[in-house]
Each structure stands twice: as C-alpha cells, then as structure tokens.
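Letters A, B, C and D name the chains as they come in the text, with residue numbers starting at 1 for each one.
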Amino acid sequence: MDNGQFFDMFSHLHVYDLEQPRYAGAPIHPSHVPGFIYTLHRHHEAGTGEARSSASGIMYAAEHSGTHIDALCHQAENLTLHGGREITPKLQTSTGFTELGAETIAPIRSRGVLLDIAGYRGVDWIDGDHPITQADLEGASRQQGTAIRQGDVVLVRTGNGSRWNDAKGYLKAGGVEGAASQWLAEQQVQAVGADNMAWDSMGTVDPTLHVSLPGHLILLVRHGIYIIENLFLEELARDQIYEFLFVCLPLKMRGATGSPVRPIAIAPNL
Amino acid sequence: MDNGQFFDMFSHLHVYDLEQPRYAGAPIHPSHVPGFIYTLHRHHEAGTGEARSSASGIMYAAEHSGTHIDALCHQAENLTLHGGREITPKLQTSTGFTELGAETIAPIRSRGVLLDIAGYRGVDWIDGDHPITQADLEGASRQQGTAIRQGDVVLVRTGNGSRWNDAKGYLKAGGVEGAASQWLAEQQVQAVGADNMAWDSMGTVDPTLHVSLPGHLILLVRHGIYIIENLFLEELARDQIYEFLFVCLPLKMRGATGSPVRPIAIAPNL
Amino acid sequence: MDNGQFFDMFSHLHVYDLEQPRYAGAPIHPSHVPGFIYTLHRHHEAGTGEARSSASGIMYAAEHSGTHIDALCHQAENLTLHGGREITPKLQTSTGFTELGAETIAPIRSRGVLLDIAGYRGVDWIDGDHPITQADLEGASRQQGTAIRQGDVVLVRTGNGSRWNDAKGYLKAGGVEGAASQWLAEQQVQAVGADNMAWDSMGTVDPTLHVSLPGHLILLVRHGIYIIENLFLEELARDQIYEFLFVCLPLKMRGATGSPVRPIAIAPNL
Amino acid sequence: MDNGQFFDMFSHLHVYDLEQPRYAGAPIHPSHVPGFIYTLHRHHEAGTGEARSSASGIMYAAEHSGTHIDALCHQAENLTLHGGREITPKLQTSTGFTELGAETIAPIRSRGVLLDIAGYRGVDWIDGDHPITQADLEGASRQQGTAIRQGDVVLVRTGNGSRWNDAKGYLKAGGVEGAASQWLAEQQVQAVGADNMAWDSMGTVDPTLHVSLPGHLILLVRHGIYIIENLFLEELARDQIYEFLFVCLPLKMRGATGSPVRPIAIAPNL
C-alpha cells in the first residue's frame, strides 16, 4: 500500500462522531454548573469601512462539560494522585496542576470496543437503580464476540446518550459499578468511556471502597486509566459496530483536570 | 488486512502533535485578548470525609486562542457569509450563529501536505516584511515533490511556531499573501493551516481586494475552505514529513466562530 | 453643626440595605443567564512556607444580574441612544459603548421616595396580570403623603422582593405600565427602581408604543432616566419609610450597559 | 432641620469620586490577572421587528480588580481566619466562604481621614524603596491637624493614583510598613485604604512577622479591619480635604473574598 492508497483508504472509511453537541443548557453535573456558555461579542456589522468583517466570541466552560476526558490529576486518594504524587501547593496550584494535567494526555488512536449494555439487557437505557456489573460487561463482550485486550479503549453504552436534550432525565442514568471498573482495570485497558455524566452511578457509595464514584478512584488514581464521559454511542450501537479505530485528541490545556474532546470511531471496512 | 492488522498498523505509525500548549500568557491576537485562562476552584483537600477527592476548574477562552480552526461564520463579505447567507438577527445571535457554526465542521481526516516555506527560503522564520507568495508555495511544492490535490489540507510553515513562548515576537511573523491564498483556493483544498496567528499577514491591506486579512475573505467566505491557525509544524519539518494523514476534530460548540483543536499528522510508514 | 456633629449624625441614622444577595441560582432574566457566578481558585492551604495566606476568586456575571442600575446605552429606539446618538461601530463596540456607559453615571445621593403599591393595593405582590398603573402611583403617593418632585429617585414596591429565593416565582411579578412610566418621566425624576426583574412587566407589548418593556424606551432613551432593578424594599415598607436619602454608587465599568449596585436608604431621624 | 433641608443639604455637598475607572488593561496584581474584562454580546441592531432594542454584556473579573475592598475571609494566619475560624472544607468551598465573605460587610458611612503621605514628604509618589512608616502617618496627621479616632476610615495617599493609566509603573509604588499598619490597628479604625495595589509594599517580607503583606495579616486577620485598594485620592489631596464623610457600599457577593466598590468622600461644607 503506497501513500496514495493509504490516504484513499482513510477517506473512504466511515467515521462515527461520538461527541454530543455543546450549548448552554446541556446536561451538566452539579459540580460543574453552568457547564458551557458561549457569547458572541464581535459581530458582523455595517459601517466598518471594509468589505470583510470578523465575528468571534468567548466560551466560559467547565472542562468537564459535554463530552470530555478526565486527566489523571482530576482525582486523588488520600490526597495522593496517580503514581504516588502527594498533593502540595507546588503540585496543585490556583491555575492547575504541575503534573498529570490534560496537556500530558497523548493523542489516543487505538482499538476501541463498544460494550452495548443497554442492548445486552434489552432496555432503552440503564437506570440508576440497576447499575452496570462485571457480569454485564463480560456477558456483552461474549455475546458480541469482542474480547477486551490490553491497551484497548472500552466504551460502555448505557443508552442514555439518546436523551442529551433532556437535561434532567440524562442525570438519572445508571453507571458502572466499582467492581466492574476494577475488572476493566485488570484488563489493562488504556481508557474507558460511557454515555453518561460520570461513568460511575451518581449518588451511591461503593460498599467495598466506601467512596462515591469508585470507578474514578480505581481507574484514574490507582491504574492511570483515562475516563471519557458524555459520549454519543447511539449510531455505533445501531450499526452494531463493536470494534473500531478510536481517535481522541485532548486539548493540551496546561494543568487542567480534563479536556473537552470530539472522539471519533473509524469502522474498518472489511 | 483484517481488523487486528488494521489496528496494529495504527498503533505503530508515528503521530506528530501539531497543537501548541494552552496557558495564560500564550500569544494572542489583540482581538482575542486575554486568550485562554484556566482557574482551578475545586481542590483536593483534607477533611471531606472521603478518601477520594475531585479537583476541577473553569476555562475562560476565546475560541480563537491557541491552535484553532475557523468556522465559516467567522468571516463575512459585505455582510454575507459563505454561500450567500445574509447577516440577520436570526442568523447572527448574541450566543452565536444559527448556520455555519463550529458544530457544522465534520471531522477532518485527509491527506495533509506540509509546504515548508521557511525551509524553502532558508530562513528561521518568515517575517512580516516578506510575506509568503504564490511562487513560494509552488516552489516549495515542486522542490519537496509534493503536489497539491483537490481535498487536501495544506499546512504552510513560516517557522514561527518555534517561538510560541515569545508572545511578542510571535505576533511579528509574516503570513500568506492574498494572491497565494487565491491560488490555494483554486487547487480546491479542503482546509489550510499555518504556524502563525492569522494565516494572513497582520496589519496589511490587500492591494486587489482592499481588505485586511484577504485570505480570510477568499478562503472562508468565497470558497468555504477552513483555516487552522497557530499550528506547531517544527517536528514535521525537521523530519521532512511533507505528506501525511491529517486528523483534526473540532468541538461542536453550537454557533461558535471556531474551535480549539489538537490536530495530528500521522506519517505513513512506507 | 460642625464636622464632628455632621459625622456623628450620620453614624446614628438608620441605613436600609436595598440590595439582594448575589449567588449562583438567584433569579435572572433569560437574556442574562447564567446571572452571577463566583469561583474561588486561590485557597488558604498548608505548605506554602508562610504563616499568612490569601484566597481569592473570579466572578463571571451579567452586569444586569442581581440588584443593578441600567446605563443609558442599554436601550435604543430605532438604533438611536438617548440624546440622538446613532448606533455606529464606533459607538457600539465589542467591549462596550464609547458613550453613555456605566462609567458616566454619577454617584446618586438624592431624595428617595418609596411608592408601596403592594401595600396600597393590599396584596402580597403585584402579579403579571395586574401591572402597575399611573393611578396606582398617584394613589399611593397621595395616601402616603409623599409627593414626587423633580430630581427624586422613585422606588416602586411590587412586594416581589420577598421571594428572591424563589427564582421561578420571582420572574412572574408584574411591573409598571408604559403610561405609568411616562407619568414618572413627566415628573422629571432622576432615576426609578423596583423590586422586580425588569421594572416593566415582562412578556407584554405596550398598546401605544408597540414595544415590549416600554418603560425602558421611555425612561432610558427618551428621558435619560436611570432604572434600578431587583431592589429589596421590604424593610422600608415594613417601617413605612416613604421618604429617605437614597445613595447608589455604580461601578465605573467602561462601556458597560449597567452596573451591579448596593443602594442604601438613609432614614432621616426627625 | 426637617427632611427637606436634610435632602437639600446633601444635594449641595461636594462629592469626591474615589474609584478608578474599570477597563481591560488596567493595573492588576499578578495573582489577579487578567483583572477586569467586559464583552458586549447583545447588540443594538436592525431587523428585530421592534423599535426598541437592548444591548448587554458579561464581565469576567477578579473581585480584587480595580478599586475594591477586601473581605475578612481574604486572609488567614496559620489557616485561621479572623476570630479564630479554622479553615475547613465547610468554611472554604469552591464557590467561596461560608463566613466572613463580602456579603457580611455592612455599608460603610463614617468619618474618613486622608493622610497625604506623598504631600507630607513632598514627593510625586511613594516608591517601593521608601515605604510608609508609622512616623509618616503620625507626622502627616499632626501636620494636617486631623487626629485619628476609633471607628474612622483612614485613607493613605501614596500619590500613585495619578498613574493608573501606566499599568507597569503603578505596580512599583510603595506601601505601608507592617509597623505602621500595627499602629493604625491600635487606633481601632474601622477600615483603611490606599491608592496602590496592595496597601502593603509588594515583594518584601516583614522583619518581625516574617510574612509578605504584613498589613493584610495585622488588619484583616488579627483586627478585623477592612482594606480598600486602588483608591483615587488625587482630588481630595488637591483640595486639601483631609476630613470627610466616607461612603462605601460593597456588593453582597456571597462568599467572595472582596468586592469592587465605588467609594465616595462627601466634604462637609462649613
């Protein structure tokens, strides 16, 4: 395959867009209110003396608004980040972290696997009372014929992505149990993601670890595995694309605890 | 090539990161001051009653800060956007545009070509007094052996990307002349980009079109060709990678006139 | 009265605080969402090497959030500001107005008159279906024994200020009819204010002027009379203080269309 | 004196405006960059179908930008606020403090005294190498004939306010030594203020307390005395008004470590 064939191949593969649209009023975790706001202050207008005009604006946004990836500095266990880094004023500053910030996340371009748990269970979406278990992950993986391998990015579909425009309902979705996150960590995946606000179920405490959002502790702090939230997985599921090239390019926002992203899935055409 | 080989190939190709780092104080066009600001307001701290803690922040940023792509609504000619869309209060609102906003830019994954003009001219960087001409583009293309084809993304290296940490000096770089932008438009490229603030030279008026930033008018308004600014092209040039797979995933910020991006170049390994 | 007596007198007069508290989630007009947001990014923390520490934050706020005064540039009639100033790109810029901005409002320290319309009507609050008429203003003024004089600041009580903590209910309050605003303008008052979001009733069109928010057009544009919104007037009404020294000190935010303020009423003690 | 005479008296007293204008690019302490930014996103424009139009914007601002007052929660000594309040996650939150925030500052309307130290020394402005001593304060007070009394607001003039438009030069001004702040605290004043960025000199360490900005520790933490910064005192000094009614109305921004203010001085006319 020469360069021309390589580029050609790419331009013909189907791309699935996994990002939810960004706008004021989109679903947001209470800790990250108001989410994303964009205002236009430079306008196209008459009377400037030139035929060309520019318009532009400002965004005010939590880095955890919309589809985003969590940087490793986002979470700590007993005031220690991943890799045993103790929180000090030098590490944690008013303008971000001097280690493990979003700028340290390399471009991701790996095998991605979709585990369609809503499909596996035959429900429209996973609700908060029935979180996703290790058995769900293993069962879906087996049924789909997509084994998890080291270095994969594993995307878990709750089905919740279809109600992004229902900000209140969206927050009620269930997430992944601590034990299921632990199992994924043991598979040595590179990153995980889901179509809900927090990967974990919100508002519950893990019975073993005695923390809320146990997956955040297990994945980010203990294993250095990135979490991607608020993904849009409906089209992948509809087309039963369970295995794909996953590309995600976090912005290098120095010291930030995450980054908005527009991940894509490229389906092999074989 | 089966799926496994496809993913394998990808994980072994070299990725060039074309984004400059984002931080307060980075170079910024006067129209987009203060550029990018990030503040951390949720901190890891003792005394919360849980072993796990979260930190997070807020960004306040011009969408044209750092490495970014211009949406088509960013520019108008005689109060008309690309495709003859007239500016009205319905099209241009206080929170962005109802057509041609950043959310309408599809993921880009195309053949990319680097035209290393600083290298072609044998200078460290192109300065404002010697902007880039059509002859430069054609000469570099010929010398490099990389013809421009319809649908390409053409990245023009001024050499300026090496001084991102010198905010004042960075703004003095030269850009691409109107006639050279016109020539690129005629090649029917999909997008262009450069390692300077504004693609065009700043502070000059095109002798034919009688506008400042003529490339913005020609490319965005007249031809619907995206412009990517503040790219980092030093490593591509150093390795003489003039042809590559270019991937750029703009955030779907509804109505925004552009989006921060982290483009990558994937070098074929042949 | 010597200086000492003058200062003494002042320290003994009762001050009424007419500002509502500022916090995220307070009532806000849909045009000014998200209102007021404050985040703390510099924290008191251990380990900085000094016994003294500083904490500080950032506010992101519409200038029309909370208790605020409208600058004259806030409103236009047929694209003309107060005093016949035509809107041009030189007058109206992306960072504010070059004339009639908030910085042009002198400190206000004048006779203030409270017209307690809720009290006059014997209702808890004026609702949107029964806006305040000229007859209400004249009737309350007569009943209270407080005539309006040239140069006064007239505060109109709808009773709505008691439900500031009910963001949804607060927006349902009624306001002042166009004809009543016109009558106030004819009294040549210096400024007006009310304990609702918009002075005018929201969501109705004036039958004579054919505009929404007619008081804004009459007062700000045609007569150069400032409007103060979201006042807290409950304590003044409770104590039947209908006449007082009114002090209001707008921030000189260059070019802004208004300013947050903390007005006070000083009751003469006679 | 009846009400009419009282209001009349007030409308005839001269008001000195002690606030510096607010705009992007004004002097700012490095910890509070970018200071104050205002962008206009709702514009007066044609085509909205109504004769009346509204314009409005958003401010993004450090509460310590421009002329402002420090709330008591702004400073801590050994992680303890004024009154022995220990810093905990309940007291210090990501959105501000639950005690001693700006909303707890009552309206100030007290005797004010100007100590014109630049005038006393016969210099244009006090520079960083010659900070203001207790002897300066006492000497100026004696020379002016204005003794300091309990409950006063003491404004110290460095002369620096005349160069507000020189953002770089402004930051070089000298401030008040720790021992001089201690002396003021012992006079039991209510608040102090100066025409410089930080009351204290910036960049020096107090030889006794071993902290930077010793006045902040002494006044705010140890004595509960407010500090007002970036005052404009040139006109007061020019007119030799050393004693006046000082009025300052901080915004009740819940939990904030300070508030922008527009203080005024009202000269008795005797």
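Convention: a contact is a pair of C-beta atoms (placed from the backbone, for glycine too) under 8 Å apart; a residue touches a chain by one contact, two chains touch by 3 or more.
All figures in this text were calculated on a predicted structure; none of them were measured in a lab.
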Handout entry: Required steps from chain B to chain D (each step between touching chains, minimum)
Key = 1
Completion exercise
Matching interface for B-C, options A-B, A-D or B-D, criterion over half of contact pairs identical, gives A-D
Exercise for the section: Could you let me know which interface, A-C or C-D, is made of more C-beta pairs in contact? Expected result: C-D
Practice task
State the superposition rotation angle between the two copies chain A and chain D, fitting on C-alpha atoms only and giving a multiple of 5 degrees from 0 to 180.
Solution key: 180
Handout entry: Geometric centre distance via CA averages, chain C-chain A, whole Å
Key = 44
Fill in the blank from the handout: When centres are defined as mean Cα positions, the distance from chain C to chain D in whole Å is 24
Exercise for the section: Would you please write down the residue numbers of chain A that are in contact with two or more other chains? Expected result: 24, 31, 39-43, 45-46, 57-58, 60, 94-95
Problem - Complex contact set, residues of chain B against chain A - result: 1-3, 6-7, 10-11, 15, 17, 19-24, 31-32, 36, 38-40, 42-46, 50-64, 66, 73-79, 81, 87, 92-97, 103, 106-107, 109-111, 151, 209-214, 216-217, 221, 243, 245, 247, 249-258, 260-264, 266, 268, 270
Handout entry: Contact footprint of chain C on chain B as seen in their complex
Key = 31, 39-41, 43, 45, 57-58, 60, 94
Practice task
Could you pull out which chain C residues touch chain A in their complex?
Solution key: 24, 33-34, 37, 41-43, 45-48, 60, 88-89, 94-95
